[in-house]
C-alpha cells in the first residue's frame, strides 16, 4: 500500500502533482530555470517515468541531476546524450507537437486558455511590463498538454480576460486538435489550492481536485472566472513518503524549489542562504 | 615570369582551367565524386586560393588531401573543421547563394542555360534514363557562377534545346540576379576544346578562349547552337609547370582524373590499375 | 532507473516495415546506405514499397532489381564512376516503373517540412525546370505575403518508415553519426517509424563521452540493430570506404535480369553474416578500413 | 598554404558595428550572452542600435540602461530568478522605448528565414495571440497552396550584425560551442556581419581534434576575439556558471537610473581585464568554474 507523507509543504505537493503529469515515455521541455518544474521532471524521471526524455538549454535527453541554484545548465549539458540548437529543438519537438509537457507560469490566465506574460494595463503603455512569453505563446498550443503552475492562486492571476493575450491554447477540444495535426490533451493548472482543467472550448474550467484542507469555496473566492464544480471533488493525491524523501535528499537538498514561494522581501536572504550552502559544498565558503 | 608546362594532357588543361575559376575566399561545393573537379579545387586551395572553403559529403572546410579512387569521402571527413547535414548545407550555403562554384556536368546542355540529366527522348518513356540532377537544378541558379565541364565537346551534348529541362540557370543577367537576391556571375562551360560563356539572357554563348591547337571552326562544328565568335579569341592559358607537377605528384598521383577521359571499354581496366596501386600503397596487394 | 531497450535484429524489421509502405532510405552517393536492411527486405517478403531517396545508388538499384518497389521518388540514382544504375534504367526505360523525379532541394526541404509538421515550405526554387511542370503535386508557385515575390512551395513528405545506417547507438536509441549524414536526420524527423542499423551498439556512458557526435535522440528511434559493415558495399566513412571490387561484381550481375538473379541468390539470399564472408570476410573488411584511415593531407 | 587571420580585439568591434545597426545578440536566459562585447559597446560611442534577442537578460537590460538602444526586438527579457529586468521595465513603462515583442518561435523562424534567403517561412503559428495583431509586419496569415490550411507566415529577419560568445575558435573563424547554443547559429547565418568572442583561441589542429563541437565555419565569421570569462556575469556552460553574487549587485545597481550610472562607472567604464579583477579575479573565476564542474547525477 502506498505510504503517503505526513509532512510536506505546498511546494512539495505542487511539485509532486506536476511530476504525476509526466507519463513514461513523455518528451518534456524545460524552458526558463524554474526550480519547482525542474524538480518535478527529475523526480518523475527517477521514479515512474524512466523512459521520459528531458530537454533543457541545449541539452537533449540528459541524465537526471541534483538541483542547485546555479548549476542546472551545466548539469543538464554534462549529462546530455546530445546537444541541439533552438532551431533543432523546434524542428524535432515543438513544431511537430512531439512535446508532452512544458509547464508554464503566467502573470495572468483566463477562462479561455489565454495567458499574459506581456503587460498589465495598456499594451503599448503598460503599468507593468512583463518579461514576454519566449516560446510559450506557441508551445502551449503545440505540446500535448498545456500545464500551468501558479504558486499564488488569486483573482490577480485568474482573471476573466487577460489584458494582453501573449499566447493561447487555441486548439482545445480533442477533435480540433487532431484535425490541426496535434495530439489531444487538457489544459491543466496546478496551483497552491487546487488543480483545475479544461478540455472543451465551450465548457468552463473544472475543479479536478482540492488540496488537503482547501474547499471549493476557497477556490471560487480566489478565481476571477466561472468554474465548473463537480459534486464530488477528490482531494489532490498527497505526496508519498518516498517522493518527499527523494525531493529533500536527492533532487533538491538545497531547497531551491521553495524559492518561488517566499515573499518578495525574503527572497534575497533565502537565496544567499542557498548560495552559502553551495559554496560550502565545494569548499569555497 | 610564369613558366608554363610543355607537356600536359587535356584533362590537366581542363582541371587547371577550372582551378582558375576559384578565387581566394570562395565557397566551393563538391557533389558527386568527380575526380577532375575535386583535383581542381584542391589544386586551387594549395596554390592561389588558400582561404577558399571546400564542402564535400558532410565535411565542411576540410584540409586539402591527396585524391584516390576510394578515399575522397574519408579524407574529406578526417580533415573537416566541422560536419553538416545536407539541410545545414542548404541553410548556410545553397539557399543563401553563398556558394561560388559547384561545377556540374550534364548529358545535354543548350543555348539557354538549361541542363538535362533526366532523360533522352520522351520524359515518361525515355530512350535513356539519366541519373537525375540531385541538387544541380537548383544550385546552378543559386551559386554565384554556373560552371560546367564537358570532357567530350560534341553536338550530342551541346544541343539547341535539351530534351528535358532538369534545371536551368534561370537568372542570367547581373541585374535580375541581384534583384532576386543572388550574386551576379557567368555561365561558363569548360570543355575539351574551349571555354564558352554566357552572361546575358538574350545573347548567345561566346567563345572565351580556345585550347591550344583548336580553332573556332572546330568548336562551331561540334556545337549544336549558335555561338558568338569574337574577332580575337585568346588561347586558353596553359597549365604552369608547377600546376602540372602538383597535380601529378601531390594532388592526383593515382591518375583518377584521367578516368572520365577514357573510352567506356577501357574504364574497367584503368580502374583496376588504380585500385591495384591503392592496395600496394597500404601493403595489401 | 531502468530504461526500455530498442534493440532489434535484422529479422525484426518486418514488424515495422509493411507491404505498401513508403520508405525513406538514408545514405548518399555510395555512402552509408543501410544495405544490411535493404538485403533483409529482399530476404523477407516485404513488397510493393515506395522508396524515397535523395542521392541513391546501389540501395535503390538492388531493391528495383529484386522487384520490391512499386514506385520510386528520387532526385538522383547513379552508380557514380561505375556507371548508370542498371536495374533503375531498365525499370524505367523498359518496364514502366512509376516514379516521381523531384529536384534534390525539394526532396530535402519536403522532408524538412514533414518533420516540422507544416504542409509546405517555400524557397527560391527551380523555376523553369520541367520537373516542376511534370510533378505539380510536389511544387506550387506561391507569393510571399510580405513582399509579393514569387516563390516555390515544396510539398511536405512524410514517409511511413525511415531506414538509415549509422556509426553507433545505445539501446535507448541515441544514434551517433561520424560520417556522411546526408539527409538521414531529416528522414528520421519526417518519418512515422524509424529503424537505424549501426556498426556497433555501445553503452550509454560511451554515448555521453562524445555527445557532440550524437545526431538523433532515442525518442526519434523505434529500433536499433547492430549490423557491422552494414553499409557494405557502400562506405561508412570515416570507418571504411566503399568496396569497388564488390561493386564491379554487382555491376556485372546487374547487367541483365538473369545475371542479377544469380547475384541475388549468391550474395543476398543467405544470412547477413554469410554475406559478409562471401564478400571477403575479415580480410576484405580490413582492406576497406585501412583505406579509410590512410588519408594524406597536402 | 597560409590563411588570413580573423583575429581581432574588443576595440575593433567598432569597425563592424555602426551607429544605427540592427544587432542580434546571442545567448539565452542567463547563459552565454556576449557580455564582453556588450560592455565594449557601452565603453565605445556606438549608439542608436536596434537589438534583437530571443531570450535576453542582463545583455539587453544593460544596453538599455546605458542608453544604447533606440529600439528592441524581443520575445523574452528577464533576470530569471532575480526578478524582472529593471532597465527594460523602466524604458518601456516610463520612457517609451520603441519595441517589437515577437513570439519566440517567430523570432527563431524569422532568423532562419533570413539565413536561408527566403522572405518568410510558414508554421502552425500563434493564432489568437495579440502579438500577431499588434505587429502585423512580422506575421501574415497564409493558405497552404496544397492543402488550403491556414498557416502563419513569419517574416524573415536579417540583422546587420550578430554578436555571440562561444567556447573556442581558431584564427580562421571555426567556432566551437560546448554549451547552450540557443539561437546563436541561426543569428550567425542570418546576419550580414558576425563577431564571435570566445573563451580561448586555439590552433586549427585543436579544432580538427573535436570537429563535432564546431558549430560555425570560418566563412560565416568576420571577427573572432579572445575574451576569457567573456560571458560574465552570465554562464558559459559547461565551463562556468552564472555569477549570482555579481547579478545581485547588478540588480541593486539597476534599481534606479542614478545607481545604475554608478554601476556602469564602477564596472564597465574600464578595460575588460580590470572588470574581471573588479568582479573578483581568478578566485571568483575558480568558484564559478568549480561550481560548473561539481554536478551530481541521480
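Note that the chains are named A, B, C and D in the order they appear, and that numbering of residues resets to 1 at the start of each chain.
Here, a residue touches a chain if its C-beta (ideal position, glycine included) is under 8 Å from a C-beta of that chain, and two chains touch if they have at least 3 such contacts.
Every value quoted in this text rests on a predicted model; they were computed, and no experiment measured them.
J.: Spell out the chains that contact subunit A while also contacting subunit C.
T.: Common contact partners of subunit A and subunit C, which must touch each of the two, are D.
J.: Please tell me the distance, in whole Å, between the geometric centres of subunit A and subunit B computed from their C-alpha atoms.
T.: A distance of 57 Å separates the two centres.
J.: From the C-alpha centre of subunit B to that of subunit C, how far is it in Å?
T.: So the centre of subunit B lies 27 Å away from the centre of subunit C.
J.: Could you give the separation in Å between the centres of subunit C and subunit D, each centre being the mean of its C-alpha atoms?
T.: The computed centroid separation for subunit C versus subunit D comes out at 38 Å.
J.: Counting only residues that touch at least two other chains, what does the list for subunit B look like?
T.: Touching at least two other chains: 46, 63-64, 79, 83, 90, 95, 181.
J.: For subunit C, write out the residues touching at least two other chains, lowest number first.
T.: Where subunit C meets two or more other chains at a single residue, that happens at 112, 116-118, 123-124, 212, 215.
J.: If we use the touch criterion from the header, which chain pairs count as touching?
T.: Applying the touch rule to all chain pairs gives A-C, A-D, B-C, B-D, C-D.
J.: Applying the document's contact rule, which stretches of subunit A touch subunit C when the two form their complex?
T.: Subunit A reaches subunit C through residues 25, 27, 45-46, 50-51, 53, 60-61, 63-64, 79-83, 90-92, 95-98, 181.
J.: Can you list the subunit D residues touching subunit C in their complex?
T.: Per the touch definition, subunit D meets subunit C at residues 116-124, 137, 140-142, 144-147, 149, 151, 153, 155-156, 210, 212-213.
J.: Which residues of subunit D touch subunit A in the complex?
T.: Of all residues in subunit D, those touching subunit A are 28-31, 54-55, 74-78, 80-81, 84-85, 88-89, 92-93, 96, 101, 103-106, 108-109, 112, 123-131, 134, 178-186, 215, 235, 237-238, 241-242, 244-245, 248, 286-287, 290-298.
J.: List the residues on subunit B that touch subunit C in their complex, please.
T.: Its residues touching subunit C are 32-33, 35, 42, 46, 57-59, 63-66, 68-71, 73-75, 77-79, 83-87, 90, 94-95, 114, 118, 123, 125-139, 141-142, 164-168, 170, 180-182, 250-251, 259, 268, 271, 275, 278-279, 281-282, 284.
J.: What part of subunit D is in contact with subunit B in the complex they form?
T.: 1-4, 112, 115-118, 172, 174, 189, 204, 207-208, 211-212, 214-220
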